[in-house]
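Note that the chains take the letters A, B, C, D, E and F in the order they are written out, and that residue 1 is the start of every chain.
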Amino acid sequence: MPLREVIAALDARYDPALAESWDAVGLVCGDPDEPVGRVLFAVDPTTAVVDEVISTGTDLLVTHHPLLLTPVHGVPAEDPKGRLVHRLIRAGAGLFVAHTNADRAPGSGVNAALADLLGLAGAVPLEPAGDDPRAGLGRVGELRAPMPLSAFAAHVAALLPATVGGVRAAGDPGRVIRRVAVCGGSGGSLLPAAAAAGADVLLTSDLKHHPVSDAGEVAGPALCDVAHYASEWPWLPVAAEHLRGDLAGQVEVSVSRLRTDPWTWHAAG
Amino acid sequence: MPLREVIAALDARYDPALAESWDAVGLVCGDPDEPVGRVLFAVDPTTAVVDEVISTGTDLLVTHHPLLLTPVHGVPAEDPKGRLVHRLIRAGAGLFVAHTNADRAPGSGVNAALADLLGLAGAVPLEPAGDDPRAGLGRVGELRAPMPLSAFAAHVAALLPATVGGVRAAGDPGRVIRRVAVCGGSGGSLLPAAAAAGADVLLTSDLKHHPVSDAGEVAGPALCDVAHYASEWPWLPVAAEHLRGDLAGQVEVSVSRLRTDPWTWHAAG
Amino acid sequence: MPLREVIAALDARYDPALAESWDAVGLVCGDPDEPVGRVLFAVDPTTAVVDEVISTGTDLLVTHHPLLLTPVHGVPAEDPKGRLVHRLIRAGAGLFVAHTNADRAPGSGVNAALADLLGLAGAVPLEPAGDDPRAGLGRVGELRAPMPLSAFAAHVAALLPATVGGVRAAGDPGRVIRRVAVCGGSGGSLLPAAAAAGADVLLTSDLKHHPVSDAGEVAGPALCDVAHYASEWPWLPVAAEHLRGDLAGQVEVSVSRLRTDPWTWHAAG
Amino acid sequence: MPLREVIAALDARYDPALAESWDAVGLVCGDPDEPVGRVLFAVDPTTAVVDEVISTGTDLLVTHHPLLLTPVHGVPAEDPKGRLVHRLIRAGAGLFVAHTNADRAPGSGVNAALADLLGLAGAVPLEPAGDDPRAGLGRVGELRAPMPLSAFAAHVAALLPATVGGVRAAGDPGRVIRRVAVCGGSGGSLLPAAAAAGADVLLTSDLKHHPVSDAGEVAGPALCDVAHYASEWPWLPVAAEHLRGDLAGQVEVSVSRLRTDPWTWHAAG
Amino acid sequence: MPLREVIAALDARYDPALAESWDAVGLVCGDPDEPVGRVLFAVDPTTAVVDEVISTGTDLLVTHHPLLLTPVHGVPAEDPKGRLVHRLIRAGAGLFVAHTNADRAPGSGVNAALADLLGLAGAVPLEPAGDDPRAGLGRVGELRAPMPLSAFAAHVAALLPATVGGVRAAGDPGRVIRRVAVCGGSGGSLLPAAAAAGADVLLTSDLKHHPVSDAGEVAGPALCDVAHYASEWPWLPVAAEHLRGDLAGQVEVSVSRLRTDPWTWHAAG
Amino acid sequence: MPLREVIAALDARYDPALAESWDAVGLVCGDPDEPVGRVLFAVDPTTAVVDEVISTGTDLLVTHHPLLLTPVHGVPAEDPKGRLVHRLIRAGAGLFVAHTNADRAPGSGVNAALADLLGLAGAVPLEPAGDDPRAGLGRVGELRAPMPLSAFAAHVAALLPATVGGVRAAGDPGRVIRRVAVCGGSGGSLLPAAAAAGADVLLTSDLKHHPVSDAGEVAGPALCDVAHYASEWPWLPVAAEHLRGDLAGQVEVSVSRLRTDPWTWHAAG
């Protein structure tokens, strides 16, 4: 099947029109006229992932994060990102990015997958986008059973892929959590939306000291911070499953076994 | 002793001219003509810290973080920060901020205190500022004895105040660490300076996924992430000790016993 | 009655949504939960007015001009405006500002009060704002009886509060004035709107040489310049009267007896 | 004498390099190759002044204020300023502007002339400009004899050309004035410089309510406001006298008898 | 007939509201109350054209290009454009500009005239503007008979006024041209619109190397470059004819015989 | 020889520090560690030039014009420029750009080569750059023998590579040309510098109607316009010769035989 048709299937699920204006989605390298037999999904286009692409004979790597979010005037091999472009092109492998369009996608996107994994009932977008009311950034829904914040943190740690940093929470550990807002990736800016939606907690990643400290001074959701990678990983098997179906089994689709969370060690404080 | 004289002693240590142009340092509330008998140091001007100010009869609270970094058109008590201003003014207590000027101060600043606590020999600023070569952001120096990155993380965890999140490291856990760059607070932007200085690791806080992931793709320092609060706390006893001496013992100076790190819970991943 | 309810009554008359985007209206200091027994209206929050607030046991000062139009990072008492905040907070008095929302308010605002004092019939806004056609900046209406510009100046001087600078007019002193445009405060930018509305004169304040000189070179309204303070003062008794009624007499409401026009002396040219 | 040589004499006194970057000085219309026998000085290029130019057979009008400070795409006669250009060109008369370069000129400029008229001893610029220490905006010097602010206002009124608005002062009328800062035209922005220079009063024009009100809240100079026209008129006879000398009497040079202050009437408040 | 009525007739054909926001159209000099007996049309208001205006006793010059596109603070005769203003005003001649409003005019504008001259059938705007579907920039229509690009270049050279530079084409000389896009003046930015309209060639002027080189790398229209002057000249006789009719023959209307293309010599490469 | 060493030789001749801040010079694709046996120079990286690279087994293409002046988020093969990157990378060929650094290079740059080809004596930069007085944009020098502008155009046409558009001149064809300013590429903005340098003509490319028309209205240089490609081509053999020598003959260096001027046809006007 030509790459062109695989791209069409991905664009149908993750409409590029849903991407943020500053984003860089779509094909980074590869030729739409060349055939694709094997597709691999990963969160990040790192060197280790490209090694896997090449060693497995993958024809198309689909990642959530852009390789070239900052635009470039060239892809020389002396630059680490340019080197990956050289390796992919020479191996005949394409790279395709579904980033904020995958975050906002209505049915099988990053935030929908995260909400599903946590078992949130009645989940709807925190920040709707586009015409479809099911599309947008973040999700907010109800836990099947209320639990204290401390238990919620353990629940999250058990469901998401393991990372050395684990799960941190801010707020009264005994606070009862019923309504949960989530945002895969760096979602701290959705705190006002989570508060407006009546969430008891906002689960996201890359939270910094000042907004968390300020949140502690007002009524509003507790906060739960996980590895950026862990918050987005749940999308990979979902997206792979959908693509497999969309292409009627003509292409082999798998999920990378690599953990691309960059943190490698933890020492208790 | 009038507040005016305490401020003069603080300004002499933490020259306001060293502050970043966007920063908000100096007196937030309080009357320079009123007397000060008791000074309390803390990292953050939170509600709990103001409770401590009032319950201990403190006349001047000195914090590292500004209360009003975003400027305001008023301080109404319905706003959490305005409420703190009301409580401090009614209690006759002033609030003084030493932020990026304390970060950059040559001898007794935030970064110098952090480097000293870690026992770095020959520490110099990562990003010099002003005329004094000892002034500037960050520090880089040598550990007394080399150790693997994994041991370095444990070493840091043992020396800094305990936090629920502990210490995370990115890089090969077995990499030998000799030369250490540090930056109290959010110092990820100093990574190029740390690399240029030949550091084996950069210790700072508030690191986000993308720069850490990119750092893993190039040669350069490993990364070590601690709580923002923990990275700046070492300054408090140093600054208190200096002020006590500068005021010749006429004013009682202490350090808050409160942990203002907003994270309250951790679940292993 | 709690301050919260007084604020609600003021917001109902002077909808904050009518304020310019650059403006700073609402509560500057004070606690919405504390009780209010006495309210004082003034044009400017000056030291003399705050003296009056404190000596009269006023609980809420309502001014037209913002205290902190330029936002601040603190309210230290060494700054004159910070000193007023300290004095008000320690005296338990709040400060509330109704500025461009009061200018534009439909029925009992600054411009409506000025037009009423001058006896303008059929007055409508010069620059409509919001959904209510009676709301907006400036007013234009008809004098009960036409009079020459020179007599109009004397008429204005007799009706507005006395100021040392008096009233100046530009244009042929004998020109007959029928249709009058007014704008409380600095309203020179409304000259095109006044011309379009067929006004014979625009009465406002803070007019500078160049626009007045240019206006003399074209057909269009004559100009009449009064003290900024004088042009806005007429609102005070009107607003006080309305608030008294809105609060059903439960709160004592008065108008400051102080003249806050800063000009203190005049010598004839 | 060709216009070119008259311009050279004016440029030598009022160096165009001293003008502000936003200003519009130099020749507005006229041909440098045509002869000039008669020069007229005025503050403003109004219709009445152009009438005088034409009725007196003047060849060159020199004004302080630019005709076209806002640049234009044409000078059609339906526009009042374009009409003046048509009348001047058809009458064979040029228009030359010396504005902020005349304000800042060292020896015979607008501010120097104003300081001289008030009899200020040891006057130096408030805001130096260029290489010559005598050049710059504003002047500050000592009165021959101290006097109260009220008497100072009367003194000013007696020395400057009469205007309907007269002279206003802000501050304690009894304050003793010794050191006087002046700035012809709209000079309110020089208040900090006047304060730094230890002035007891700043005399200028076009002062608006807010800065004058704020000035009343701090220690610092009193303020004195005169007509913009009156503050700049003193330059006209000085400049005419200098030009007459510079051209060795070959050209007839005079000062317009017209008052171009646009205010025509005053009613006491 | 007063100039005012001639302007009204021109504005009716070339609605100023159709001009670009950065443009400078309308009357540059002249008095709407003065009589007009003779009107001359030209592309550029150059010295040679003004010589013709004066020698022929023309009362109104109408040009396509603005004299003062960059706005000015004066029109001194030492500046070449100011000198033309002096000469026109002294000769009693006005200058009127119809630029991008003439480009976009529906029936008798610059682009319509160019399309008509080339015999394009069914021509419609490339970039519609305003409410009238016939108004807008550029035109695209069908040649009466297809011809190779090389023959099209010769066809254009034969129909447009002769210029030393002649006509250049980029693309396969044998490519068959059926559908032609045109844009008088500098129209390279319309290439995407021409491609979207299915044009085989875009004829315009002032094309630079890089966009032409890039166009050669993709499918899309060939390019044809003529002198800027030549591309706009066809409007002159059309506009003159229309104005003659609109003014019912009361005013003598003619087209300048001058070639204002600035290129004077050509050497074959 | 590794590509790294070829790049070092090019950077030594064409210091990247001389490039404009907006430019995109250096390696676009290729691996500095791979060997280079054959280098090809061309003005533009077009498809035809890449065909030549591949058919001749070239390892490094050096062009004057950047492939990716507008930065990109990817190089997918469906984009014409991305397709060239794919073809080059798969063929093992690098692409290196020397653009404004080559324009400004002191001894063997684009402008120096153009001046040499025209035989200009005593040529110096029109707009010096960097520390070396021989470096900078454009050149100005003396013809060996004066000649009329018409003959100069023929002289230029004879020396530069042939192009369909030939050479155009603006100005009096009989004007005697002695002193010649040149600027390879789009150099119209250097006209003031050429005038200040006393040039009789400025030779450059991509000149548009308005600046050429304006130039005809003032004293100053005549203008001569050639194909952008033709003005930069003279650099190719010079740069090839230098690189051959710098690499001591270890690498085969040649100049593309392709004409990359995009114009393909000319019809006399």
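FYI, contacts are C-beta pairs under 8 Å (C-beta built on N, C-alpha and C of every residue); 3 or more make two chains touch, one makes a residue touch a chain.
If you're wondering where the values come from, they're calculated on a predicted model, not measured in any experiment.
Enquirer: Show me the overlap between the contact partners of subunit B and those of subunit E.
Expert: none
Enquirer: Please report the minimal path length, in steps, between subunit A and subunit C on the chain touch graph.
Expert: When the steps are counted carefully, the minimum from subunit A to subunit C is 2.
Enquirer: Which chains contact both subunit A and subunit B?
Expert: Of all the chains present, none is in contact with both subunit A and subunit B.
Enquirer: If over half the contact pairs have to be identical by residue number, which pair among A-F, D-E or C-D is the repeat of A-B?
Expert: Most of the contact pairs in A-B are shared with C-D.
Enquirer: Between subunit A and subunit F, how many degrees of rotation does a Cα superposition need? Round to steps of 5.
Expert: 180
Enquirer: Taking contacts as defined above, which has more of them, D-E or E-F?
Expert: More C-beta contacts join the chains of E-F.
Enquirer: Is it true that over half of the residue numbers where subunit C touches subunit D are used by both copies, so same, or is it different?
Expert: Same, since most residue numbers here occur in both copies.
Enquirer: I'd like to verify one number: the distance from the centre of subunit C to the centre of subunit E, where each centre is the average of its C-alpha atoms, in whole angstrom.
Expert: Here the centre of subunit E sits 55 Å away from the centre of subunit C.
Enquirer: For subunit B and subunit C, let me know how many angstrom lie between their CA-based centres, rounded off.
Expert: Centres of subunit B and subunit C (C-alpha means) sit 47 Å apart.
Enquirer: Indicate the residues of subunit E shared as contacts by at least two other chains.
Expert: Nothing qualifies.
Enquirer: Connecting every touching chain pair, does the picture come out as line, ring, star, complete or other?
Expert: Basically the chains close up into a ring.
Enquirer: Which part of subunit F faces subunit A closely enough to touch in the complex?
Expert: Spelled out, the residues of subunit F in touch with subunit A are 24, 26-33, 66-69, 71-78, 82-83, 85-86, 89-90, 94-95.
Enquirer: Which of the residues in subunit A come into contact with subunit B in the complex?
Expert: The contact residues of subunit A facing subunit B are 44, 46-47, 65, 80-81, 149-150, 153-154, 156-157, 160-173, 185-186, 205-206, 208-210, 212-213, 215-218, 223, 225-230, 260-269.
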